[in-house]
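Note that the chains take the letters A, B and C in the order they are written out, and that residue 1 is the start of every chain.
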Amino acid sequence: MLSAEQNEALTRIGPGTPMGDLLRRYWHPVAATGELDDRPTRPVRLLGEDLVLFKTGEAAYGLIERFCAHRGTDLAYGIVADAALRCPRHGWLYGDTGLCLDMPLEEEMPAEPIKLRAHQAREKAGMVWAYLGPQPAPLIPDWEPFSRQGGLVQVVLSVLHCNWLQCQENTMDGIDMEQLMDALQSARRDGAPPPLPPLDFAFDEFEHGFVVRPGESGAAVTKTSLWPNGLFSGDDRSCRFEWRVPMDDETTLNLAWFFERAAPGSDAALQSGVHFWYAPTREEETGEALQTHQLNKKFAIWLNQAPILDRTKEHLTEGDAGVVMLRNKLFNQISLIQDGGEPKALIYDPARNQKLRLPETAPLFAAKPAEQEPAFPYLAGQPDDAAEAYRRVVESWNRDEAGSP
Amino acid sequence: MLSAEQNEALTRIGPGTPMGDLLRRYWHPVAATGELDDRPTRPVRLLGEDLVLFKTGEAAYGLIERFCAHRGTDLAYGIVADAALRCPRHGWLYGDTGLCLDMPLEEEMPAEPIKLRAHQAREKAGMVWAYLGPQPAPLIPDWEPFSRQGGLVQVVLSVLHCNWLQCQENTMDGIDMEQLMDALQSARRDGAPPPLPPLDFAFDEFEHGFVVRPGESGAAVTKTSLWPNGLFSGDDRSCRFEWRVPMDDETTLNLAWFFERAAPGSDAALQSGVHFWYAPTREEETGEALQTHQLNKKFAIWLNQAPILDRTKEHLTEGDAGVVMLRNKLFNQISLIQDGGEPKALIYDPARNQKLRLPETAPLFAAKPAEQEPAFPYLAGQPDDAAEAYRRVVESWNRDEAGSP
Amino acid sequence: MLSAEQNEALTRIGPGTPMGDLLRRYWHPVAATGELDDRPTRPVRLLGEDLVLFKTGEAAYGLIERFCAHRGTDLAYGIVADAALRCPRHGWLYGDTGLCLDMPLEEEMPAEPIKLRAHQAREKAGMVWAYLGPQPAPLIPDWEPFSRQGGLVQVVLSVLHCNWLQCQENTMDGIDMEQLMDALQSARRDGAPPPLPPLDFAFDEFEHGFVVRPGESGAAVTKTSLWPNGLFSGDDRSCRFEWRVPMDDETTLNLAWFFERAAPGSDAALQSGVHFWYAPTREEETGEALQTHQLNKKFAIWLNQAPILDRTKEHLTEGDAGVVMLRNKLFNQISLIQDGGEPKALIYDPARNQKLRLPETAPLFAAKPAEQEPAFPYLAGQPDDAAEAYRRVVESWNRDEAGSP
């Protein structure tokens, strides 16, 4: 149980807040790169700030305050030219440093330069990442799956109307919520009590976060809680990342990144690409939280807790050891940076940032029988072309085993 | 005219408020029993409290706090098993007393028992009723129409975004609003001034509320204002109840219960059943309050007054004697229970709670000519199967009179 | 840049505010007359007041407080009879002075008369205008285009969720936003920097507002900023007015009035009429501001600034001389009326209020080639019959020139 002050400290992420300061020390993915293809500008809400992301060239981006310094026009409607962003109203032009470079309707530029707050944005693994913290910026971690070839990459974004921490705490739950829910669901169908033995989990801190694993067996790791706001799960053939990016105190962008390897040598392996989409979280008609897919079930839990979970009313138990560990580490790191220290898991040396490996886990979901149509089990709203690509990749293994296409 | 403080006292119904305390002394219908058929859990908002209703067996229900004591998970997504409700997240199991009975992931239960606030829920007349007050709980009144056979029962729920009192005060208006509106409407069509004589109404308090009747004639009762938040109107063949159940200060569940008798011996009399539905209150496209049906017209009035009517600006007249009587009784009963007294209309003795009769009224609406298709005149959104059942019941009388089906 | 207090002073328009007092000295259009055809009552929100407009006869209107003095019933549901408005609930009858004339359910009227606040409403040029200020009321300006014949009149209403001033300041921007946006758009397409020379505009105050014109050339006026919240643009063949009518601090009714002349003697000239519609401002599916039409593009700018633009953060330049002139005049006029003076542009003498001419401007948009289907370029949502009428009027000139239909 936390005090109200402690709950505030962990959940508020705006400029100048303790947690806001800590999270600003890390890169956060904010968009799929494909989102900038049709229109090179996009509003971004990140850590309580209103920003505009604009694409200035091949893999080059600017990220500055959203509203023009002149008279407050929304630069998300701006026009990108010459690696800079022009306000649609009177044509003021901003470079990626936020400096105003041109005022086409004025005889001369003002003596005092005008400058919008500017941040950094970079492309990696089909996502655009943003950094809002002090310089020098660390590197975006080069996770090993980011350089995989011969498979399908999917970037799936969901806007969740709840605080980031109730999402991230879930990564430190010993049991996987989907497994538990499945077990309980089948218990309901059979009328029998759920066949759940008391579970003993251990949480090992390591360089990049925490590993969650069964306590006394040598069995595979269950999942990795990436510090400070991510998740990794999967193996060499199939894996996913999730980041819970705080847009503001009551809104979180859940950005999930999936890799699904095609059978080597298959047509599907050659046709691999990156798909992205926004996944809905609620049924259109009723407004109820969707529960059709594995991550949507988790979203439903988080969304229905409250916009910001009131942790003064909780009753933690032995099984919450991981959650407590995560909170303690957050408090510890807040103090650390307040004392001028360097927080956990920053990477500055490019030589050390190469294909970083994370622990493999057993596949979470048993493969469907080959005769069934493969369907993406994680998130609702998959577009037809992504579904078709997913089907091809999954089926490539069957064909391979059968020895014929 | 009320002072601002008086208006607050009558309209605020959350825990610990004077009116909240008074209304907690009575049972309130909160759902149609059929709502629990497909899914045995349902969120309930009642008197400012967030609760979850769950069906534990044949006509058995639990009603406890909505959010799990562990880490705030929404129990409306819970799983009912063994007459208890299991949290979908870590499997904590709650009985209908609110006590946590099982934590399947823990080695042992905590020394200090964990308990959610629990209330009572019972089934009667096709509705689930809730009681949030002190023990011993009174009985749910056994109104005589509840045991009628050989007719159609309809339970129609409408969520109104306004305070309960502006709905209930309407029961103490002398003239029936529908009649007045109809008179005024025809006046408009004819261009003539409305043919409304000054009306003289009397309001007689009785055991279960107030009877509204013409002042000096012996004519039939107009309607009954059921204490503290109901209405009854009708006769042996056709009648309705309405309860205005406060969900919170600015939201009211109008739960209406209709009985329509089929001609004795007709097929319709044998096929009688219970239908339920949620009636819309606004046009989907424009958002304007629906005015297509008799009760919808009243809803439109209430909804457009303001979320909580400001009674400091009103100008009451002789015609508002009933409204004043209702308010005075509410103030009187608030004082009474604050002094430890037992409020009006509670029934504790089962022997006295048998087929309680209420005054009959003349049918409010003239029967349609037999050649017209009978249509339910009260509430929008009637599903096809209920409409068909209603038509059969109404037409059974024509067939009966004609002596042939 | 304004102080926070100055920004408040110019943007808040409720009863008793300095700007509210100033704007109450003028007539404001609040509806198309056709809106009262089907139903003779309409809720009106104007300058922060909730009112009901009702049509009492040929071109006669009442405009009184929206909620009945009795018990707060919404009079927008009222029944109009005998040039007065009857409450739908208990039949209280209000004349256009706001006085309660009849209480049909009471034996006698109260000794103390009951009176709702009442304002004035008049019809002119297919619009209903309202006046909420002190008596004597000035005249509604009789702009010359209002008496044009032989063409199509369109009244197009848009509800904008932003403060009135960010709309009206736009009338004092030197360059026309649409032209600039078009230039910038084509710059984007070509990759070249926008071909915009530094522009020199002049703003001349005159009796009815400000004329905006190129600074050193004798070229035609660009547009007229009508004092205090209007715009005029166009010539004898085609012109438009726009008024930015404050509904409340954060909502503005943009009411646009268009005249499009048909070729003299053409069939279209004989069939001219008045069309009206509500134009959408956002895409239904995405909720994004529409940018399909010229005025919608401007709306998008205003809507995305913020509900009330924060002028403490702006950086004004030489090019904002017009905006500064407008603000100074507003401050000046606020002081003037606080000292008991008569503000700018009021007309009291009917002899002086006859076909008032405004400066003509060059047509803003080049005519489409004759072989193209003429389409109304200004606002989304034009109904089919208005589109057909518009097409006929525009094409009448081609036919005329060609000498055959």
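We take it that contacts are C-beta pairs under 8 Å (C-beta built on N, C-alpha and C of every residue); 3 or more make two chains touch, one makes a residue touch a chain.
None of the values given here were measured: they were computed from a predicted structure.
The rotation that brings the Cα trace of subunit A onto that of subunit B spans 120°, given to the nearest 5.
Although subunit B and subunit C carry the same sequence, what matters here is overlap: shared residue numbers make up under half of all numbers found at their interface. Once the centre of each chain is set as its mean CA position, subunit B and subunit C turn out to be 46 Å apart. Subunit C has no residue in contact with two or more other chains. Across the complex, subunit A meets subunit C through its residues 67, 69-74, 76-77, 79-82, 86, 88-91, 103-107, 110, 114. On the side of subunit B, the complex with subunit C involves touching residues 169, 173-175, 177, 180-181, 184-185, 187-188, 191, 193-194, 196, 198-199, 291, 300-301, 304-306, 309-311, 313-320, 323.
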